[in-house]
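Input: a single structure, listed below in structure tokens.
Note that the chains take the letters A, B, C and D in the order they are written out, and that residue 1 is the start of every chain.
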């Protein structure tokens, strides 16, 4: 397989890569939390969500100004005004920002505000967008398409890499199956599989995977246990009033659980949590921990 | 459901719409054949494929100048030069042209050459592209996404309609399932289902559905028997040398079978074949035909 | 592939087989209608449904005495009493009977009443049942499993054939996909694919495929147009009162449409309808039919 | 939903149940390892695999004497002789035994040898088998069907419970999707979802989920992190020579990794490992562990 995506493939026995965003770095021995609101609605909501993210230990802020929505009548995001809000909140909290680009024509504009550019699931095979984003040179977060195979996903990354941007972070966000109990089915085996095939870091989005708040913590733990380099989580100060995906957003009362899950799993997986505080490695030997 | 896509919905008991392209019209009582090469390779190959299409009874020429390909290293189409070839061949054969737009930035350019703009499966939820194409005002051929539900497909059409273009033709081209025997699984039940929910004409692409030449004729017949308003078929003068999807393209020797299938099914479904010759209705009563 | 299921495989260029049941024969140049109630409820309902089947042109009666149901609290069929009703109705109408066996322990009992034994989708890989049924020697109707590949389906048939019963008729009844608009997704391409790989006749069940009455006729036509050797249809004198799958059963008023669909498609596919009347071939040349 | 499967449903705020097998108990605060050979081949291979299981910390032995196989020409298991081998090995190692029943007619015989009866994925809707096994009264391990919804799975458990056996352990083993990179797609979200809906313990089979040895450890960790009550793992002394599913079986050199994964995850999830040694709870506070 390696020959079909030579730039993003992993060489046998070679270490996996890390991707830097702001002062933070993603993979291969860290456990990154990227969090924030699904959609930017107001400056206040965005700032409160960013503070929530920070309280939970997030080192990167996520938030959407351009929202790809199934219906043309649904809230489509605040667009450029949303970008301005995000930039301000990022500055105020000191967090680097990742936000979605949905149109190649907006790539430069979004890149002027963001530290990392997100390609959403619906655009994983929007090759013009992949190419435009790959030309910019900023790190890219590439979500897996709703029914993309792993090979198609890595080939989409190869489109970006071919333009000169190798700082790509993959994000598994659930695939479409017959099961109606959740919005998507988190393909947890994709994490170790991608890490074997590719040098790129891989995150998991436990919020969009299940589309249900009660699944976010178990799926976060499962993702990290499977070896993911971090997670991407929706938080909202008042999910009932959210304009987008409220049922999956964590509430203020859920943050301690998230932080504990991140910390516990970093510990057991022997990874660092990339906190702003002086770096600490939680554990070197679980044997000693149990005595 | 009607309220979620009011513009493309079908009113109870209302007739379905037809869409005109050149002198031809698609639906609701015709059986349209759109045919041509998957990709434009050379002027000669394109002309020969167009002549093949015409010989089989096609009233619209299809052909790709911009090819969305899974791998960045695969043939990506001839782009603007391909458009020029297509325009010339369309003029020479007198066939109206449908060709794919893969990037919103190309929409105007493609529209300057084409009579109908195709949105491919991978771009069904590329909302910027849907919007750009909807603003142009030319008829649109909207393929179903690889794993799109029928509701999502109709909502994608609604994006186009919301911009003022209601001349939209839907095209079922197979969905992604677990079955490895063919590239995609033709969802034949989508044809009557969409026709109940929406006023838009609906075609089937038997070539991309199966990805196998030997399935094209049976799937063509099945599509028309299910009520489809026509089919979209790949033809190539020399499929073994094709740069894209050769294994599914019909060869010159397959055209008579295609024409017979179209004619037989038009007859049994009591539909017109929109040939350039004076209109003929094949049959009004099968009873008389059998005596 | 042929070597993995040598008994049911089709030899290159060899004709496909036919299977006889009573005076009727299924495939390769007939268009068989098997119809009847999903479940036997009362003698009256069964007889009325059988008369409906006969009126629509059915040459084989179907009906379930043992019903595999998802819930243990749903109606499970009348069992042995249902078999007695079916036997009586079959005798009264002169139709041969196909009915489902759900348990290897019942195989002999069911075989004492039925002319053909049905293996349902849920039991396609119940290998003990396949073996038990294969030992009896009566013809078998083998439905495709809910998410079985074509290869698995043919291997299930091979289990039966290995016991000495080669009179097997396959039945495509829809596969499980992500699409919520219908109960199952009819995999129409399975029909020509199976006919290329195997010598066995293949039917389609348009009732269970969609689970909706309004899809039965379009899917029947599509099935026959794709080359199916016949269809298996649910009918019920009063579907609103049905104990099982009422929403998909045809009503008395739907029978003429079904008969027309069967006749039209037999005509266009150049197949016989195996009616009790003296054999007639509908057509040799569509050209002459239109004059 | 609770009303559709009242016996296996979980009451709001009620604790989840545990199921005892031999001296061991499964759920809700333990982390059980069930391990052994996929298929019994010889007494030596079975004993060696059982010793491997024991070395890795297994408290229950698994092994198949009756193997449901897709092809009638594949190794079908040793049957009754395999049961005798398993019984002997279970006695020698002191481990309780779980083994599969594939036919209702064998249920009593298998129950005479086994401490727990397994229903495999292909038989999840073999209702005669569910009923037969439910009448016996021994604990049952119920695997999820290849494409069963969670509701169908719980209804299958309800069939067993309706016969009087509530000691049922569910086992997620991967579902069928379009992704070709692994045999099945582990539906990790099923674990917390089932635990919310049902009182029954739930295990994960990381061996059959992926069908690849290199996925077993990551999937084991992920399963336990998602809250599973344990895992079911294939081990084989010489997988290259295995008659069934060798590529997924752990080798002797993999056992330490499995044991570490089990211990680490039990620690972080604050669960007991049900070892024969005096009970030990690994951790009450992760804070103290890090100092």
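Here, contacts are C-beta pairs under 8 Å (C-beta built on N, C-alpha and C of every residue); 3 or more make two chains touch, one makes a residue touch a chain.
Model, not experiment: these values are computed from the prediction.
**Student:** Taking each chain's centre as the mean of its C-alpha atoms, which one ends up farthest from the centre of chain C?
**Tutor:** A
**Student:** Only C-alpha atoms count here: how many degrees separate chain C from chain D in terms of the superposing rotation, rounded to the nearest 5?
**Tutor:** With C-alpha atoms aligned, the rotation comes to 180 degrees.
**Student:** Where the CA atoms of chain C average out and where those of chain D average out, how many Å apart are those spots?
**Tutor:** 37
**Student:** Quick check: how many Å separate the C-alpha centres of chain A and chain C?
**Tutor:** Roughly 49 Å, centre to centre.
**Student:** Averaging only over C-alpha atoms, locate the centres of chain A and chain D and give their separation in whole Å.
**Tutor:** From the centre of chain A to the centre of chain D is 33 Å.
**Student:** Would you give the residues of chain D that are in contact with at least 2 other chains, written as numbers and ranges?
**Tutor:** 147, 176-178, 180
**Student:** Residues of chain B touching chain D in their complex?
**Tutor:** On the chain B side, the touching residues are 147, 176-178, 180.
**Student:** Once bound in the complex, which stretches of chain C touch chain D?
**Tutor:** Counting only chain C, the residues touching chain D are 4-5, 68-73, 102-105, 122-123, 125-128, 146-147, 152, 155, 158-159, 162, 176.
**Student:** Can you check the complex and tell me which residues of chain A touch chain D?
**Tutor:** For chain A paired with chain D, touching residues are 147, 149-151, 175, 177-182, 185-193, 196, 209-210, 214-215, 218-219, 221-227, 260, 263-265, 267-268, 282-283, 286, 289-290.
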